[in-house]
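Two complexes come next, and they have one chain in common, chain A, joined by chain B in the first and chain C in the second.
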Partner chain A sequence: MISTMEEKPHVPAAPRKRKVPGWAVAMLGVAGAIALLSITSYQTGFPQLTSSGTTQTAVRLALPILLAGLGGLWAERAGVVNIGLEGMMIMGTWGAAWAGYQWGPWAALVAAVVFGSLGGLLHAIATVTFGVNHIVSGVAINLLGAGLTKYLSTLIFLPLSNNPRQSPPVQSFDTFSVAGLGDWLGELESGQRLFISDVAGILRGLVTGVSPLTMIAILLLPLSYYLLWRTRFGLRLRSVGENPHAADSLGVKVYFHKYVAVIVSGGLAGLGGAALVLNPGQLSYLEGQTGGRGYIGLAAMIFGNWRPGGLLGGAALFGYADGLQLRSGGETVLALVYGVVLLLAVIVVWQLIRRKWFSAAAAIVVAVLMYLLYISLDEIPSEFVSYAPHMVTLAVLAVASQRLRMPAADGLVYRRG
Partner chain B sequence: MSSSTSVGTDEHPAVVLTGITKRFPGVVANSDVHLTVRRGEVHALCGENGAGKSTLMKILYGMQPPDEGTIEVNGEQVRFRTPSDAIKAGIGMVHQHFMLADNLTVQENVVLGAEALHGIGKKARARIIELSGRTGLNVDPGVLVEQLGVADRQRVEILKVLYRGAKVIILDEPTAVLVPQEVSELFDTVRGMQEQGYTFLFISHKLDEVRAIADSVTVIRRGTTVGSADPKTVSSRQLAEMMVGSELPSPETRESTVTDTVVLDVKGLKLMTPDGSRPILDDVDMVVRSGEVVGIAGVEGNGQTELVETIMGMRKAGSGTITLQDQDITKLGTLARREAGIGYVPEDRHRHGLLLTQPLWYNRILGYQTRKPTSKGIWLDTDGAKKDTERIVADFDVRTPGIDVPAAALSGGNQQKLVVGRELSGDPVLLIASHPTRGVDVGAQALIWDEIKRARAAGLAVLLISADLDELIGLSDTIKVMLRGRLVADADPNTVTPEDLGSAMTGAGATSASVQETGTAHGTAVVEEGEN
Partner chain C sequence: MGHLRGKLLPPALAIVFSLLLCGVALIISGANPLSAFGAMVTQVGKGTTLVDIVNSTGIYYIAALAVAIGFQMNLFNIGVEGQYRVAAVIAAVVGGSIALPPGIHTLVIIIVAALAGAAWAAIPAILKVTRGVNEVISTIMMNGLAIGFSAYLIRRDVFGELRGNNIRTAEIPESGWMPGISFGGSGTMFGFLFVAIALGIGYWVMMNKTRFGFELRASGESSTAASAGGVSAKKMVLLSMLISGAIAGLISLPELLGRDHTFSLNFTAGIGFSGIAIALLGRNHPGGIAFGALLWAFLDKSGLALDNVGVPREIVTIMQGSIVLSVVVAYEVVRRFELASEQRRVGRELGTVGGAA
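Here is the complex of A and B:
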């Protein structure tokens, strides 16, 4: 019927590059990271880099970051910047401790989600209904979270624990391990063979001492992906974050979806708080316990390019850096510096192949500096070591934030009409 | 293919609007509007910007309720509270400003809000592929919208409407963003769909297009319908007089004022994409003389924006030189270039021209923060800025309650008059005008044209970029055609037609003696050279 179409010069859409599927990239990345760590541990003689103990601690420490990051993902996909994750997380820790010492760990989870959601609701009311700048509202919630929990702790926890900064101990979850597999992996790990022992160590860490909360957190990741990318609700939620005017013109309830997203976001951040309280090493509420993990969660999400898979990678990276410094201290963190040098060497080669001379030169300079640091020090000063995760955050974001794509209407206040 | 194929039988008309009146505080947007659209026709609604076309369509599409009057669809009186009510009645709207989310796929954009019809998975995909043939859209539904060109985005908008089962489609200024070839493709699509029984309401102020596509025309002026016409018999002039109520302005300049004094001399200018894979600007040579208007024609995205931004110093040229009045400005920053005598009317006044939340006099200072009368030494001279803003408001007929209102309070035309007035202050030697009359009403357009002509007669060199080919042909002394970052042809504005220009812009080659190709050859040869 439209006979003239073929004859007309048609300005074609840009040809699409053949894409390597996302899961393949992820698998390659994981394999590369393990190879890098295993070479580093072999070269420097620190098996702790890939030991099951380190991995186990890393998983525990990555959980709060993962959950906070998921919270950020929900809110930002709907176009609301949630810098208040930290505050919602603090509320979650208090809620988890308050319910946890009375009724056990499952109640702690529920209370943490409820407390976090309340923070989310507040953020939604401020940003969506009243059009407050998202950062201002988020910072206010961070201050509010810290202040409110301090007040509540003094009121409720002081008579019980004689300490206004700490709650009574909370009952922990029963953990379980995959028995036969763990032993077999343990044998492999102690064999000290390049790569195989490292993989075994990491796997063993992943299947030992698993708590229900770990399972829930890991399941929440694919669940979030499914909800946000594979359902009608998720499509609407994301459309609100990309172009709310278009969504509104198609009958999508913009405010409703933003509210749901931010409340879920708060709930997930609260759950992240519960993961801190129910951490076997601690098992109580402590003032200042979150230590900026809400922000790191947000950073992990940005590092992951606002996608769940990337977010998992970011959380794993920060959790690992944190776990390593906690478990084995300055010497091993220094070994990690050696690993960074190796990684930079790979980057240099890659940039040379792509003929990016400036990037290659910059990478060489940084690599040389790092290497000098590595050979001139015996261990990283302990005062500095506890900031390893924050340093990693800074470095990774500085490098990775070049090609990121945030939702188009993220952080913009939407007014109907 | 379609159930309804009857055209013009004595059934009920598709849409009848009777006595529609809509008041906003202080303004009557529509008063007593009558409109009848027969089934299966293309009905054009003509009127100037601000005549009330958009308000009327918002009422028909359920975005705003009318204060008085009735709407009938297929003979039944209806009352729309939201657009979804209108969609249920079979009315769909393609907005002038696309309502698409760039980072979502074609399929996601189409099914959004209508997931109940076919879900969001394979069934939806099949239906989209089936429907996209009718709109001439030839892309995979899984492609991101940001990868599509303007014409394809428009097809996605039409597809959205079809997917929801619309039978009456409102096209709001659909040709504003298209080049002539794309316009005729759109018209082919419209005619093809008309044969399948769809009814179109075509909103436009481009009269030639209206006469080319419409079966009947209704003219609206100052919020009310002033009459209908048969596009087969009425002339553009008659339509224009119905629309404006008086004579139309024209961009045409009569006598040449071109001198021999070279003001801007661009030699061998190159600019690469950020990843260095391909050139955006490729060996651009260009001269603009005092008293001359050089127009650049080109489909958007062929390097015009980057050319302007490189001359302004907002992008750093890869190689080549830019000389302004014998001064090499290639290495200077943007402010220094402005101080050297370049005025710049940016293509997007909201992003680059104005601070919307700031008062007018504050906007007067932008770009002149180091010069009189808006600065004294290191201090800003607010009194001087205010006084000079008053001058611009008076000279350029900026309709505003005062100079202390924020720029956002002004209409697009008045904002643009302010920008043009500011950029012509301080005696520039070169004016770069990117789409100077885009999205402004006829009155402001005439004023801006007059001011450019006056400045040109006084010896100003002007580099004009415009998508409005009539404007380009009317104002320019020389026209250069830009394609894939190269200036591929020169055209003589005295003889060239918009169609010739359009064909040169899309790379189809010269179709007329008025367009002279420059360089070796066009098309593939150009690309090969560009890759060396």
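Here is the complex of A and C:
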């Protein structure tokens, strides 16, 4: 996934002006990532790296991050920074549990979206109408979201579950698997052949135990892309995030578009909360369940350079690291460090070809350090694996912050003149 | 007079609005808001509540000062939360593993905590100065890492030890404690509160009476104007972030030196975010912050009484959240109103009709 990030900016700079379409770059990135994992799992002897179980867990864990990140994308494309995603997600988890234990999973989704949107509406009122600093409003909404759900849980869940921090169990979605395909892929996976088994394992993880929510979340990504980049409404929404004054002078309703974007953003974050509640391993509201995933969604969006494709890459990467840790522990995650060394080796060669001596030298230094880390440790302490997204985000920001391009008027308060 | 009104009116309005909001919430949930608020007020006189409030005020005060220094410079140090957590665990580990004479031991712990907080804040500061990374994102990430880092440090095979059901660092010997003022059955006031007061005075002097404070505020108002006047914006970012981190490092010390003497899983989290709210409420003014910290502490500690009257005490968290949100809205509305009335006044004096445009 990292390779997607790395290659994109190079495309325009290529000597001959080949126009490589975005989807081709994405496919190459995915193929590269699978090849990398495949070689890593072969070299280090950890088949879990590409097993179907790991993939399945990774998808489950990536969903909330993806949805929160999409929420961030909507808001920030309209120029509103949404630190409040975390709070809206918390409200979504509560709403999902409240409706879910009474009326089933579909009601849970609806309630989660409604609760999240209410958080978004509040953020929009504060930032757009009253011109409050976006960060300040976001922090306040995070406080408010946590407080409100705690209060409501004590009020409503306590008599039912005898625990103020947990809701009664929520009915789950029926999951479905593509049976024939899954079995065939299972055979391929157990064959232990380089690359083919790995691809089979990942695909099998993707087609087994799929819930409707997974489908919805994955469909929301191209839908968001279509709405934001291929429709008139989306063009207007993004113009509001790039230059609201110019948009206003052309007759675009700046406040309206900002409001819509932030409310949708809250709804998506709320849906991310529902993904946590309806997770088969959990199936209830738990206090502190979001554990900063709203922030990680924001990080995934930044990792993806405020673009849906990159956002998917970021969410997949963060979900994968988490899923691997959960399924097979710190030893396997250490194998990923080996994978990073391989990736860096590729980058070194690439930079040498492009005669970027300084970048190549820097990559060599980092690669050597990572390799030393790999051979000196037995496992990555579990305490750190959960925070891998944070480290990756800091690293990406430190290395590529000049290349990242956020909407030009992101975070600026706009006031109708 | 109008000047003072503009400063005091918004917080008063915000508090009244939040009280009304929570009152309505209480009525909807079937409780009597008057008896709930009454229970909170009478709780102050009971048991150790008053001393608890004072202690908590001191802690919140330090947190809000740390945030306020960043705010003065237009820096959002969301990372106070992580900075004080890391500082607490490192100070506890260092304090528990060295033996020094009383006084010096305490001083060393305080210095270590400040340095650790500053070091944790240095990473986003350096990223911002050298790579232009937005401090909001980097400090949020550092907050996450701080939780992982502190959990790692108190692992039993690192610096932790198991006591009952709790994992904690080695206890700081008595030479490293800071004695408090005991009120017998009403509790013990942390000695570190005097440090908090000194910090508040130091903050006021630094901001209003020193060249550094002037340059800091100038860069916060307009970094381009300040750099035209010879103030290096990068230097100010780095310094204010480091000072903010160092003060954040002290947040947990009242509890660490005065009560707990160890870092354990019972660590009080979330003070950094409260600090942000309090700094906003107090408009970065040392006096305003003190008032905000007192209000926060009162809501926290008196809220415990709500359980006795059958109201979930989390209502105070809602109240805190709505106070922050409504106070920033109120400040903005008042600012716009004053701007408009100023423009009208200028318009009248110049004798132009359309002066309000």
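We take it that the second predicted complex is superposed on the first by the 379 of 417 C-alpha atoms of A that agree within 3 Å, B and C clash if a C-alpha of one lies under 4 Å from a C-alpha of the other, contacts with A are read in each partner's own complex, and residues count from 1 in each chain.
Methods note: contacts are C-beta pairs under 8 Å (C-beta built on N, C-alpha and C of every residue); 3 or more make two chains touch, one makes a residue touch a chain.
Quick caveat, the model's predicted, so the values are computed rather than measured.
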Residue contacts with chain A in the superposition, chain B compared against chain C: C
Touching partner for A:Arg307 - first (chain B), second (chain C), both, neither: neither
First (chain B), second (chain C), both or neither touched by A:Leu394: second
Touching partner for A:Phe384 - first (chain B), second (chain C), both, neither: second
Partner chain(s) touched by A:Gly147 [first = chain B, second = chain C, both, neither]: second
Where chain A meets both chain C and chain B, residue numbers: none
Chain C residues touching chain A - in the complex, by the definition given at the top: 25, 29, 76, 78, 123, 127, 131-134, 136-138, 140-145, 147-149, 151-152, 155, 273, 276-277, 280, 312, 314-318, 320-322, 324-325, 328-329, 332-333, 336
Residues of chain B touching chain A in the complex: 82-84, 87, 95, 98-104, 108-109, 111-115, 119-120, 134, 136, 138-139, 143, 147-149, 151-152, 160, 181-182, 184-185, 188-189, 192, 195-196, 276, 299, 506-508
Residues on chain A engaged by chain B in the complex (per definition of touch): 1-2, 4-5, 8-14, 16, 230-232, 235-236, 238-239, 242-243, 245-247, 249-252, 355, 405, 407-408
Of chain A, residues touching chain C in the complex: 81, 83, 122, 126, 130-133, 135-137, 139-148, 150-151, 154-155, 164, 292, 295-296, 298-299, 302, 381, 383-384, 386-387, 389-391, 393-394, 397-398, 401-402
